[in-house]
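There are two complexes below, and they share chain A, which is joined by chain B in the first and by chain C in the second.
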Partner chain A sequence: MSIQAMIDEWYPVGIFAQLDEAGRNTMLMGEPIVVTKDGNARVTGRNGRSLPVKVRYGHVWTSLGEPKKDLFPIPEADQPGRRFVDVGVVRVRCSPLRAVENFLDIAHFPFVHTDILGAEPHTEVQNYKVEIREDVDEVWATQVKFYQPQAAKSASGGITTEYMYRVAAPTCTVLYKTCPPRPTEWDVITLFVQPLTEELCDVWPWMALFDDETSMTDLIHFQQTIFLQDRSILENQIPRLLPLDPGMEIPTRADMTSIAYRRWLKRHNYTYGAQLVAQ
Partner chain B sequence: MKLYDYILSPSCYKVRLMAALTGVKLELRPVDFHPGLEHRGLALLALNPAGSIPIIEDGDLILTESSAILVYLAAQAAPEWLAGTKPEEAARVQQWLSFSGRLTANLGGARLHEMLLRTGDIDALQAQGIAALRELEAGLVEQNLRGQRFLAADRPTVADIACFPYVALAPDGGVSLDPYPAIRLWSRALRSLHGFVEMPGIHRLHELKPEPTVEESKA
Partner chain C sequence: MHTLTTGPWTPVALSADLPVGTVIPARIPAGSIALWRSESGRLSASADRCPHRGMSLSHGFVRGENLSCIYHGWSYARSGKCVRIPAHPGLEPPEAIRAKTFAVEEAGGVIWVATDEAATTPPVLEGLMPLRSMTTSAGIAAIEAAAGAKATAEGLVVPAENADTLCLLLSARDDGQTLIHVLLKGETTADSRIAASRVAESLRRAAEDLQKKGIAA
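Now for the complex of A and B:
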């Protein structure tokens, strides 16, 4: 494990709208931090040191190091007509990297999100494209197609949904999927993961959707339903750290995104929450 | 009948499960429990001063205790889910209905702490949860010795539905179910019931699908 390469990254540490002066005592990569608001958001680390702060995508972001890049862009966050959904924190006893990897996986849909994101016998993951985009230094999977009984709260009946997956930071991933009410646009669903330790994380899902019908509470509950179905699986994965070396696991074609994500992590030495030598 | 509901609440799930098993139609009114804390807002406090969900509204009747709601649904649609006339059975149903309140406090409290970051003494909650699971395991073993598969009888009753969700979701709060074979069998028996519905964290029994046809070996 090395904390060094990941220390300069931005991490989510709270929902901005929910911050108050009392503050939120939490942790980032093993360091106790306090997130408070006095007009703006403030984050204080160990020994009272002030940490850098950004407020973006509904959340407060901070870093234990010196971020060399701005927070990754999500242009859809500025697009008129979208609704922005702070889904709320869920704590998961798993590696922050495993939380991201699970989000990138399609093959589990029929078995874990039965009758919502997938259903037997429609279990085949069709071929799709994966690349590490050197210009933006992100992992992208495109042309991902999957049959879904209820792809979104706004979907009525089964449709073949198209997805694009993007890993924009070691613990942040953005999903673009077919938007049932607006076929020319993508719905944006993110998973922002706050690494508390290597085996514990707070997950902050956030969405930017075109959906004028569904109530905010229903949108939140739809996403919470999906994520809580994943949670019990994530907490039972072994080994608890994400293996970056080939070992006992045998990936299939459906796992191409996961393989690219692991390669990208290893290339950058993003190993907080990872296991390097197969055991 | 309107249920003020939260998809991740085991107590609300009791009501949804009971309704599904007894064929009662519910109108669901989602409550933004997390992150919105809507159950502590004025509108819901006016209905339930305790600030908890589920709440059932049926005409003039408002019910806010999940065990009472289970009894109401069963009495209306499926009286066989209530206690019979035998004194022992009637008492056992009441015993486990009361016991279910402890599960809400300990296993439910541990789950809220570990999952949604609510405050609480996690070590104490987990220890109390484990004590309750042992009590339940012993109770189920004794029932099995009497030839009864469920908590109060050889048929499921409201007592089973009252206890099942927080037990099944114990791992969400960091409490393992591995040491309790009788609880696992009981859980499986409940999940096999016709009309069973799941909630996040409680998976359906995929293996109940029809057996695959196995061709006879030609060798």
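Now for the complex of A and C:
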């Protein structure tokens, strides 16, 4: 596990709209940082060092290193008619990489999000497509389908939902799912993970939806319910770090996204929060 | 460090604390385990880690004669063999997918788990009735000091002042805590059980005080 390869990445460190002058004391990869607002957002690291800042997708982003790339694009963030939802933060005692991997997983829906995102006996995971897109250097899973009793706040009754998953950065993932009110569009739900340490993270979900009916409070509440259910899993996996070497855990066909994610992490040496040798 | 010589057997829980169709966490020297009782009443002990993605199996649920993991619902038989992967209902899980299991025995209301495939049987506790279990940060030496009595090879301590009514069955856990099973002697009444429970609690407090002061360290 090393910080090196991941140090130049952008990480979410707070919701822009909720910042004030008093600032937010938090941590990034073990380093205490302060996120404040004086007009724009400012992030200060150890010994008053100024860190790079971006404000995008409702959040403040920073880096301990020197980012070589711009923040990954989410074109839907500029699409008119969408509602943007800053869901808030959920602190989870787990590896940031485990938090992302759980987000990529659909097989747990009937057992962890029972009667919301899944329900027995509809447990089967159909084959889907997974690839590492070399041009953008992202992991993509497409044609993912799953039966859901209540796929979204705006859904009434069960439907088969189609998903696409995208890993855009080592701790950031974007999910596109069938949008009940607009069959030709995708709802966008992201999981931005702030690695506090290798075994502790703040999870910032953010959404860009076509839903004019549901109140903001209900939208936030719905997502928080889901993430709290996920937390009860994430804090009880052993080991806490994500094992990147085969042998420690047993994947099946349903886990193809996770397999590709782990392979991609390993290839880039993105190992902050990972365990390399089976212990 | 004080060692008890119950052989490979650890008294992990009382029978009454594991109803039919439930699973609870427990600890043996080898680590955390999931202790479960099937719908037909059969006991099993497995490592507290699902081979799929490492979820704790003691957070799972019992259905029929199998233990299921709460994360993706993989089900394990008493033997540890995986018998169902819900994401692939048509697939017969490969033989190699197994949760590690341990030998488990139940005698006189106490559940014992063995670290290795035990040829022996757990100690027999004649004439003792289990009342309740409790954990304490005190070590065995501190508990002995508080009780004014030494533990037997089986881990039994008969408190000097309550020798006629009470007996403590101790088990040192790998996390430094001690598990105490409170056992009663002879005939009991509701009142005597309440009294014994209070005695055990004050012994625990006394042992924790001694531990803090370092007298028994």
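By our rule, the second predicted complex is superposed on the first by the 279 of 279 C-alpha atoms of A that agree within 3 Å, B and C clash if a C-alpha of one lies under 4 Å from a C-alpha of the other, contacts with A are read in each partner's own complex, and residues count from 1 in each chain.
Everything below uses one rule, namely that contacts are C-beta pairs under 8 Å (C-beta built on N, C-alpha and C of every residue); 3 or more make two chains touch, one makes a residue touch a chain.
Keep in mind it's a predicted model, so treat the numbers as computed, not measured.
A.B. asks: For the combined arrangement obtained by superposing on chain A, do chain B and chain C clash, or do they fit?
C.D. replies: Chain B/chain C on chain A - fit side by side.
A.B. asks: Looking at the overlay, does A:Arg91 come into contact with chain B only (first), chain C only (second), both, or neither?
C.D. replies: Only chain B; A:Arg91 stays clear of chain C.
A.B. asks: After the superposition on A, what does A:Ser215 contact: first (chain B), second (chain C), both or neither?
C.D. replies: Touch partner of A:Ser215: chain B, not chain C.
A.B. asks: Using the superposition on chain A described above, determine whether A:Phe111 touches chain B (first), chain C (second), both, or neither.
C.D. replies: Both partners, chain B and chain C.
A.B. asks: In the superposed arrangement, does A:Val125 touch chain B (first), chain C (second), both or neither?
C.D. replies: After superposing on A, A:Val125 lies in contact with chain C but is clear of chain B.
A.B. asks: Tell me the contact category for A:Gln224 with respect to chain B and chain C: first, second, both or neither.
C.D. replies: The first partner, chain B, only.
A.B. asks: Between chain B (first) and chain C (second), which does A:Val100 come into contact with in this model arrangement: first, second, both, or neither?
C.D. replies: neither
A.B. asks: Tell me, in angstrom, the smallest C-alpha to C-alpha distance between chain B and chain C in the overlaid model?
C.D. replies: Comparing every C-alpha of chain B with every C-alpha of chain C, the smallest gap is 5 Å.
A.B. asks: Does any part of chain A touch chain B in one structure and chain C in the other, and if so which residues?
C.D. replies: On chain A, the overlap between the chain B and chain C contacts is residues 111-112, 120, 232.
A.B. asks: Touching chain A in the complex: which residues of chain B?
C.D. replies: 6-8, 30-32, 34-36, 38, 114-117, 171-172, 174, 200-201, 203-204, 206, 209
A.B. asks: In the complex of these two chains, what residues of chain A are touching chain B?
C.D. replies: Against chain B, chain A makes touches at 15, 18, 86-91, 93, 111-112, 114, 120, 202, 215-218, 220-221, 224-229, 231-232, 235.
A.B. asks: If we count contacts the way the header does, which residues on chain C are in touch with chain A in the complex?
C.D. replies: Within the complex, chain C contacts chain A at residues 48-49, 51-56, 59, 69-73, 85-89, 91, 97.
A.B. asks: Of all residues in chain A, which touch chain C in the complex?
C.D. replies: It comes out as residues 105, 107-108, 110-112, 120, 123-125, 232-233, 236-239, 243, 248-254.
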